[in-house]
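Labels run A, B, C, D and E following the written order; every chain starts at residue 1.
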Amino acid sequence: MDVKGSGKKKERASIFSQWPFNKFGNEEKWQQLFKTLVITIISLVAFLITWWGLSELADTDYLPDPETVFRSFIDTFQIRDPLTGRNMWDNIMASLTRVMWGFALAFATAVPLGLAMGFSKNADDFSKPVVEVFRPIPPIAWAPIMILALGVLLGPIVLVFIGVFFPLLSNVIFGVRSIDPILSDAARTLGAKRSHLFLKVILPSTIPYIMTGIRIGLGIGWMCIVAAEFIAATGGGVGQYIVFKAEVGRYDQVYAGLVVIAILGLLTTELSGYIERRVSKRMGML
Amino acid sequence: MDVKGSGKKKERASIFSQWPFNKFGNEEKWQQLFKTLVITIISLVAFLITWWGLSELADTDYLPDPETVFRSFIDTFQIRDPLTGRNMWDNIMASLTRVMWGFALAFATAVPLGLAMGFSKNADDFSKPVVEVFRPIPPIAWAPIMILALGVLLGPIVLVFIGVFFPLLSNVIFGVRSIDPILSDAARTLGAKRSHLFLKVILPSTIPYIMTGIRIGLGIGWMCIVAAEFIAATGGGVGQYIVFKAEVGRYDQVYAGLVVIAILGLLTTELSGYIERRVSKRMGML
Amino acid sequence: TFMQGDSDEKVVYWVAVAPIDQKAALAAGTIDGAITWEPYASDALLSGSAAIYKWSEDIWEDHPCCVVAVDQDYLAENEQIVLRVLKVHQVATDWIYETIQDTSSDNYTKLLDLGAEFSQRNTSVVASSLEHMILTYEITSEFEDWMELITEKYIDLDLIENATLATRGYDSVEDFVDQYVNSSYLAMAEDIEPSEEILNEDDPVRIGYLVGDLHQFARVIAADDTLWGGNKSLFEIYGVATVTSEGGPYANGGAEMDAFATGLVDIGYLGSPPAILKHLNAGVNTLIVGQVNTVGSAIFVDPEITSLEDFYGKTIATPGPSSIQHLMFLDYFTSNGFTVKAK
Amino acid sequence: MKLTLEKLRKTFPLDEGELVAIENIDLEVESGEFVCLLGPSGCGKTTVLRIIAGLDTPTAGSICLEGKSISGSGSDRGMVFQEFALFPWRTVRKNVEFGMELKRVPKEERHRISQKYIDLVGLDGFENAHPYELSGGMKQRVGIARALANEPEVLLMDEPFGALDAQTRNLMQKELLRIWQETKKTVIFVTHSVDEACFLADRIVIMSARPSTVSEIYEIRWPRPRDRASVEFANLRKQILAKLERMVRIEDDGTQR
Amino acid sequence: MKLTLEKLRKTFPLDEGELVAIENIDLEVESGEFVCLLGPSGCGKTTVLRIIAGLDTPTAGSICLEGKSISGSGSDRGMVFQEFALFPWRTVRKNVEFGMELKRVPKEERHRISQKYIDLVGLDGFENAHPYELSGGMKQRVGIARALANEPEVLLMDEPFGALDAQTRNLMQKELLRIWQETKKTVIFVTHSVDEACFLADRIVIMSARPSTVSEIYEIRWPRPRDRASVEFANLRKQILAKLERMVRIEDDGTQR
């Protein structure tokens, strides 16, 4: 997500902390928290009721009711699928493993390349045209050819790689370029040579940007792995589970798969977001 | 892409404008431009040669040489495909139409919802739980069920809608929350009531964030439409073209399709990026 | 039960690979064999890089395969059209049957050419395919028995939940097949005569079929306008306007059933298992009104595989879990004591 | 218009307990008077201005304008912010006309009034410029014109020249005095610069460190323009500085970390 | 150490033609001297410091340190920046030790030296704090300690107190004088505040507006600590202010828009 530079701003949290209705004393703060909780619960209950109502009303198999989905969700973790011999844990492990491999590959290439492109104009001039040729191709568009050419094992990993690579690269380059020039000036007046600059100024101050790239990249990585597993995969995978189930028409299980994907995506982005915030704070970039 | 708040910074372009090797006089500036041009050309030529070499070396159908791909690329625009009776223009129009519909739907819903959620805590408390339930599901994961439930026409549009909706929503909410509270203070001292605040302060200052959301959303929208067209499409589409061609083993045409996708993606994001910069500038948010 | 093998080594893996890609996958070594329909079995065989391990008739003798399914709403309003299409199906099937009796005739050559064009394979592949599949339309009691067996296997596999039959208003598997397979239209179609007038000029019937699938040869030749004297297709001769359904031809029967569900197909050629699965699981409102072929599938393998023991630990491609080939594969290997796992 | 602050108190809730930003402030400002607020950082000067402007509500006490108690923001009290607080998407003219737009002043009149104040602050020729095209000093002139164009009774200014460099600041001080003399507004002006306060104010109100009260009031009767190099100027400056420095010292020990 | 600037000239390329930032600057700074640079905004004060620091190369002219011509940055000239320029990911100690790390000074010695300068600027107890935990004044102390810990011959300070509020600024000025007297460095100090310059400098060098030259040099022989309220102080202040104001006026007319 793009975030505009904020400029210097007074430490007043938001437009709302000043609006009269948001001026709370301490006891009122608890009241407010309680109100939020109640509204959240109302909201989720309303959501479930709407879902239930719609599934009753529409009376279509494409929208099973929440209870059925919940039961299928629980079952998929406990019962091995007769077609594949796998339960949901196996599928999760399979998807996770692919995401991690693709991610590792992307990390190992995008970070050094990004540092080089950010740091050296020649490296940038040389790499940029090629990067710009590939960047606008949505990673998923590669799916048919990659899975054919590289097989059902390597293909999905390469798709994740492509998906993670570009946001990570952009963020690393942006990170290197965002370094306040005054910091490198300061380093130079303290006697820093070029290699010092790279190791002691550029590298550390790029770390939070790398973390941001990781968070965004992982989000896209999940998207890619699901799409790749839709098209072809061996060794299971949640995406594969979903297509197989859609193919035989077990839509309750399709929704259960969606729930699993949602939870996994949430966990990875929350986790990397948490690490990102910790690192940013540690690096003094609040 | 996330961009850290930059704080106040002197107007010195980058760390490199100060580095001795980048200190150029006017004539040197031209030299530098020329050098960049030369390196860019070298880079692209090297890329083409590598491609050519690899395709010769690997001698696989999965990697046709650039010339073949280029010829197929030209042909697809001129010759109607015997299977589908469509040329590439038809496919592009089909994909574009879907993206635009999905985008329009997302815009019409995410912007008002985002404004409401950003502006009113109650709206936020109520909508957030439901939004957070759906956000972590990669839009593409919906493909099998959406295409079944809503059909090959509406399904892909809904996928694009889902893909665009969430980044747009996040950016609108973020935009409303990012408004410098001092601006609403200023408006209030000038006599603004709540509705004034909304129309004259919040709405205008959110526009650049909406534009950012649009740019990011369109990128994801392209990803979704390609994936959706892989899974099912009627009325053509570049994604459909690619799977059909992969199915019949015409990999040169698969690559031609990738090139088309790349160009389309580039055009939409460049265009929306351009509009975004113009709007930001017009709105005084440089 | 159905899935249980008796030892840990006796494992065979499967992976979903579209029939059109299976030959290349074998060549690339990502699979060791595949179960597939025609022309892909013959194609693999004649390419020399694969051997046929078993033709499907040697696994499930006389097993059914593709069927003609019709959208029930369409049938209710356009019974005449459906009957005419069925008639065409009968005529075309009979024509092929006769034509292949004399392989030296011009018609035979034409047939091979049409098959080659449709399947993007050469004529010898088409000829071989024609030898290994039996094109038919009759709905027989054997066919109905098979349909019951298939449905029961799916229930065994939990691909269809036990309660689903009742949800759809069927008392038993028998009752389901009784209602879902209806031979009366086929019988009525017998009496249809050619017609000068096109009945549905403005509203052509939307026919679904699978990519390059030679089981569905009858539709291919019926749509040809050079075979029947004059420049009319067999459909036109019998007074129906046709069009390929949107999104078609489909990669597999599951996709075609989805197209049925979204109202894009009126009449379709597809495998019987997806017609069963999607009708019961997803309530797709279709009816089986005719057969298309029996047998005509095969397991092709790396030539080094010659016996059951050679399959230990090997990977076999199937067109996907809703196909009859997949079911046959499962049944064959589990009944021979294998544990079947997805790769 | 006469402005009276009576027993003003303001607390902010903390995670535990509360922060007493303002203990007790009593102050009377005469109509047309120019009052400067001085005090150590964090003593609540901004808070006082915000309460007067109606942007914050006092925990206790009242504010009266010409004897009438007021609450909430209103266009009778204009405010000029240290951060300029211009609407970045509006041109200079559109910024100045903001308040009139809300009041639905007809277009021609709006135009006439905005032109008058733009001329007054010396920005004619820049009517159609956007804030990002202006220097800091010019931006603050827009802020002043915008507040004035709304024709408030009281003008509240929170360190308006704090972000300007020394030379521009001196110029702006002279301009402000000129405008004040022309428009005869009541002005309450917060600053950190003792020099600035001595140069501008009729009265300088010194606030004590938090929890703050009015610590001392200096009345300055010298004519304007004032001579910064005069002995009396230097003496007053020194006196106030010494007082402030004592406060800061105390504060420094108390609050650093 | 004695620092000599000779016929210094610096131009920046523009889209068309070039900008002559510095026309011609000649200046000698004695060892241990405290020199303040004053001049209108944009006249090239920062540029001069950056050239001395070796962060920019002069278009013409030379800089000599103790008679030896120098080029490129080096640890013999330390710089303190207006923006503090601390490494945000390093603690106070690690910031102060940065230069020594580059020189591979052994850990114990590094520790000893950094502690010495941290104590000198009065930050003991904050060794392990990160910059974001410090106030502006404390940050600038770290900046000064960091520059000093590298034991440069010349200390270049570019508006180091510009971002601080008035009271903190006064404190820091006194601290700086104390440190300077203890370490006996040569100091070149850029400021916008005439007051500050008068309070600190042995000599005040006034630069003219762009293209700039040295316009005037004031030598101040008063003892320290100086009395801001003295008549002579006020007079010098007034004299310099008037001179600067004239320059700004001229510049204002010439460059506004």
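Rule of thumb we're sticking to: contacts are C-beta pairs under 8 Å (C-beta built on N, C-alpha and C of every residue); 3 or more make two chains touch, one makes a residue touch a chain.
Just so you know, these numbers come straight off a predicted model, no measurement behind them.
*Asks:* Of the pairs B-C and A-C, which shows more C-beta pairs in contact?
*Replies:* Taking the two pairs in turn, the one with more contacts turns out to be A-C.
*Asks:* Going by average Cα coordinates, which chain is farthest removed from chain D?
*Replies:* Computed centres place C farthest from chain D.
*Asks:* I'd like the Å distance between the centres of chain A and chain C, where a centre is the mean of that chain's Cα atoms.
*Replies:* Distance between chain centres: 42 Å.
*Asks:* Between chain C and chain E, what distance separates the C-alpha centroids? Give it in angstrom.
*Replies:* The separation of the two C-alpha centroids amounts to 86 Å.
*Asks:* So, what's the distance in Å between the C-alpha centres of chain E and chain D?
*Replies:* Spacing between the chain centres: roughly 33 Å.
*Asks:* CA centre of chain A versus CA centre of chain E: separation in Å?
*Replies:* Taking the mean C-alpha position of each chain, the two centres sit 46 Å apart.
*Asks:* Which chain A residues sit where two or more other chains touch them?
*Replies:* Each of 10, 18, 60, 62, 148, 180, 182, 185, 246, 251, 285 in chain A touches at least two other chains.
*Asks:* Tell me, which residues of chain D touch at least two other chains?
*Replies:* 55, 83
*Asks:* Using the touch definition from the top, which residues of chain C touch two or more other chains?
*Replies:* Within chain C, residues 21, 24, 282 contact more than one other chain.
*Asks:* Which residues of chain B touch chain C in the complex?
*Replies:* Against chain C, the touching part of chain B is residues 147-148, 150-152, 232-235, 247-249.
*Asks:* For the complex, which residues does chain C have touching chain A?
*Replies:* 2-3, 15-17, 21, 24, 28, 30, 157-159, 252, 254, 257, 277-278, 280-283, 315, 320-322, 330, 339-343
*Asks:* Which residues of chain A touch chain C in their complex?
*Replies:* Going by the criterion above, the answer is residues 60-62, 82-86, 148, 151-152, 232, 234-236, 240, 244, 246-251.
*Asks:* Give every residue of chain B touching chain D within the complex, in rising order.
*Replies:* 180, 182-183, 185-193, 196, 200-201, 204-205, 207, 282-286
*Asks:* Which residues of chain E touch chain A in their complex?
*Replies:* 50, 53-55, 73-75, 77-79, 81, 83, 85-90, 98-99, 101-103, 130-132, 146-147, 150, 156
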